[in-house]
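Several structures are given next for inspection.
Next, two complexes with chain A in common: one pairs it with chain B, the other with chain C.
Presenting the complex of A and B:
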């Protein structure tokens, strides 16, 4: 693959993600002020000194946005990756094994899905200790139910194909069949779902933070910043829109990259035309 | 060449092109049909014959001024009754299609709308075009159902497509085409998807209906023996160009081109029957099998195969021949009976078989397309059994893969290609190499050539025979094609509805006295002889009602 084959939209996406990563890694060096430092008046207007203005406590929004990248990106990315790994592995095992295992996994999945996600998360997070890892795992497990449904549906299609039967006849184990025979042929829909789920994870984290169960103040995260500054909108202060736009921009960037990967995997030589 | 002055359809210098978009390269113009001319008189049938990709369907559709899937008609004329239909506007073409020219597709099952009754679909075009009233169209449909020998013609139109068999559906489609009294019908491989015993009924029905209604027809097929029964003239096509054009008699008896001769002479005997058939490698003893819902698919089948020989299993779809292969591989464990391999009983279920047991029996599928992972290269496909059974890696594996490519007569350049970059015949060769890589003693071939063009299929059969000579391989060859059985088998098993009706050495199994089913099967195989259809029909009871 050559660099100039990458379309411009993908470059925009890559640039956006790289910028977010850069902010997350070097936050203390590039942020003009501290994360929790009060530097001026409440909801002070943007000027040359404070690029996005100040928030409801007089903290610099730009600095908090940069620090917030760390938590938002880590939590959303980790949660999505874990939920995908979990969902794909369980759903593929169910699709390949069939019978009792499939029935148990699928009914348990239905059980999980029958409880509204947000309420489930609220109850679990209220009971468990407040910790970033707990938060990530709860988000991942709740999200993996959706991945499971999709994964099982696409894997069932592929699992009945003759090349999978040929692998079984050769005596291959379940791991080979899942990772070498089925996974490469189901990547396209799964990647598309990944882009979507990542955006949802950011939004879900924002919702949790908004309700006070996600990232705890005074640590900054984008969803929490929207919550903190939402009252400003009534007074015509745009502070809440800045982190909101950042969430939108990151979600769009991730999807631009995913779209490009999707096109690549489905137009790969030897791809199934319909995938 | 036929007289051109009074022709119904006359195609002049037809040129059809399409644009292809190969990945990573600029788009390319490809010529699908190049400078083809033909003439068809009223009430006559012209057969278009060729391999897949020869452009025969594309020419057929051009008679409806239609280009499928991006194909554009870029040159030439298609004259119907003296009017060039390519010059007609949208409205003109609409008045033509379904009224003056009709189309019969290969897969009637896919062409009918499953949500509507057959009768309504058959008369739809005629009524829409305002050619007749609903009642008149119904009467015409009833008449056509009778002509086509459909069972219960009065109530046939009230059925839905899934309620009738494949052969009946194909005839219903012919009725649909004939309903509007068209001047020309394009038949696109109407019998290719059918069993031989059904095919003969459909052929007879189509022929009778054409004679009865005096319609002209273009009959597209890849089977020369079929087209010889139904056509007046034949045009042989290859790579979008005309190879030979003449009367049926001329093409069958005195073909002048090499390619035509190859088509006529395809599938001569390649292997003489082995004299000694006593030492069994594989022995199937009184085996029955059923699905988990209790439906019995095999009834007490007993047969055997000797080392280095070929056992052909013949039968139509649903006869249980593929099921037998699944039972031998262990995918479907037998409910009764035992299978012995080299004197030892074979473990019934796949999961309990040892790796060595699995290695010794390999399977080749009918559709090489779906039998190979589209995301793996030829190197991975052939190399995996080498790693899996023999632990070969790196250079040793590559060397062995190359050796195997050599054995299947493909060059080393194919090693990094994906299946999508191979032709049908090459894919099947790679599938054979994958089976060979395991160094098996028995290869189960499940219709490995039935999806291929005749000349390509012949190449695959020759390859299989060569490998058998070299490596003392034994084959169980599942097919519905009696000609292949004659060409390659040592022993023959005939199956019908899950039962073994005949088993023995080839010479004995394929010579009289026959049981009823084998007799029917053998007589239904089209032969390259003019007038064969009439001859068979007069000697055979018309049992079309059942199909």
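Presenting the complex of A and C:
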């Protein structure tokens, strides 16, 4: 594969993700003001000094946006990585073992998936203490059900191949079969799924924060910033839309990259060329 | 599914052979009831098993043990878990969800008022979104890989990346604040006229339609495309059938089941999307009720709302499965 073959839409996506990563890594150096620093009047209009204006407490929106990248990206990434590891390992164990283990895991997964994710999260978060680790774990466990479903379907296809059977006859253990035989052969669809889950995690975290159940103030976080500034909308203050567009832009960028990855995988498989 | 045709189950086999459709639908109904029961255990049991005690949260850390014991007895928390579960489930089946801890009002009364509002909003959005999505999906397949398809693809990709609340506030800012042609907040009353009510919920409906439209359209497109790229469509094309005839006689019957699935899946999605949209537009529905209850940890309300949302979701998925079985004869004879 050459760099030239990457379509322009994927480049836009990669650029957007890189920009967000840069903001997250170097937030204290590029943000003009502090995360919780009050620098002026409430909902002050945007000007040369304050690029996006000030928020409901007079904090600089641009600075909070940059700091918010940090929180949003970290939490979303942690949740996705945990949900992915959990989903993949459980689904591969189910696919390799088959029988009772597969049946128990899959039925329990069906049960978890029969409750809408947001509703499930609301019920669980109503009871659990408000803590960052709790939030990440809840997001990860709820999302791992989706990963499990895909992982099991993909792994079942590979698990019946000759080379897996050869490995079994050779006397390799379950761990070897999962990590050395099945995982390398399922990497491509799983990578695309990882991107999709990450985009979903960003949106889900923002939704929870917007509902006041995600990241707690005064830490800056995109969904929470929308919640803080939503009352301004009635007076025509667009402060809430800035973090909203940041969420949208990042999710679009991730989706653009995923779209390209998916197209690449499907063109490898052949077929009539569309879909 | 795999071991249903074994010998030794003669009466069942005979019923299955005589009424394959009826027995499959019965099977699906029973499965849904079991699932719903399991979900109720999960919602109730999960809440019980998790740490955190309402009585101590309610009274604060400095509460005397006597006060804690009193409030536990008042809320019925001193009874064993299993007893309370069956009391709760029995009440829920009769439409009684107990009393709210925060306001001491009957939960069922509130739910009764709000469930109708939520379903009205979601239903109205569905009436607009479903036909629109299917038409756009077909359009996109018709112009596949040409300009209209590419535009629809990029726009819908952008639309599924937008959070619901962002679309909502964008619409409020433009249509309610800047142009003043729509109302915000979308508060509805019981004795509101039908037309007035529709006018009030125009913006939340538009938000929901936009949220669900892109998803539904992309899935419709994928479903139709997978049918169009199958071998029998190629045969139809090669034997010289006109495009319209091939689509009506060969593609449409096969695409029906996946499209029904897509619609049901998105209706289920709509039910959840209602939660955020209701909070944005201050619409008195189930979603707002639940979110408010979660913030103050009002467990009877959270459990009731959770169970109802899950029930609607399971019901929609069940209807989708049954319609798919009816629409596709091949599903009636599982191998």
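Following the convention adopted for this analysis, the second predicted complex is superposed on the first by the 232 of 275 C-alpha atoms of A that agree within 3 Å, B and C clash if a C-alpha of one lies under 4 Å from a C-alpha of the other, contacts with A are read in each partner's own complex, and residues count from 1 in each chain.
Convention: contacts are C-beta pairs under 8 Å (C-beta built on N, C-alpha and C of every residue); 3 or more make two chains touch, one makes a residue touch a chain.
For clarity, every value in this text was computed on a predicted model and none was experimentally measured.
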{"item": "Partner chain(s) touched by A:199 [first = chain B, second = chain C, both, neither]", "value": "second"}
{"item": "First, second, both or neither for A:234, with chain B first and chain C second", "value": "second"}
{"item": "Which of chain B and chain C A:168 touches, first, second, both or neither", "value": "first"}
{"item": "Partner chain in contact with A:189 - chain B first, chain C second, else both or neither", "value": "neither"}
{"item": "Greater chain A contact set [chain C / chain B]", "value": "C"}
{"item": "Touching partner for A:34 - first (chain B), second (chain C), both, neither", "value": "neither"}
{"item": "Footprint overlap on chain A, comparing chain B with chain C", "value": "271-272"}
{"item": "For the chain B and chain A complex, residues of the former touching the latter", "value": "23, 329, 331, 350, 353, 355, 358, 362-363, 365, 367, 370-377, 384-385, 388, 418-421, 434, 438"}
{"item": "Chain C-facing residues of chain A, complex", "value": "9, 110-111, 114-120, 122-129, 199, 203, 206-207, 210-213, 223, 226, 230, 233-236, 238, 240-241, 244-245, 247-248, 251-252, 254-256, 259, 271-272, 274-275"}
{"item": "Complex contact set, residues of chain C against chain A", "value": "35, 38-39, 42-43, 46-47, 50-52, 144-145, 154, 157-158, 160-166, 169-170, 172-173, 177-178, 184, 222, 225-226, 228-229, 234, 268, 271-272, 275-276, 279-280, 290-291, 293-295, 297-299, 302-303, 305-306, 309-310, 313-314, 317"}
{"item": "Contact footprint of chain B on chain A as seen in their complex", "value": "161-163, 165-166, 168-172, 180-181, 184-185, 267-272"}
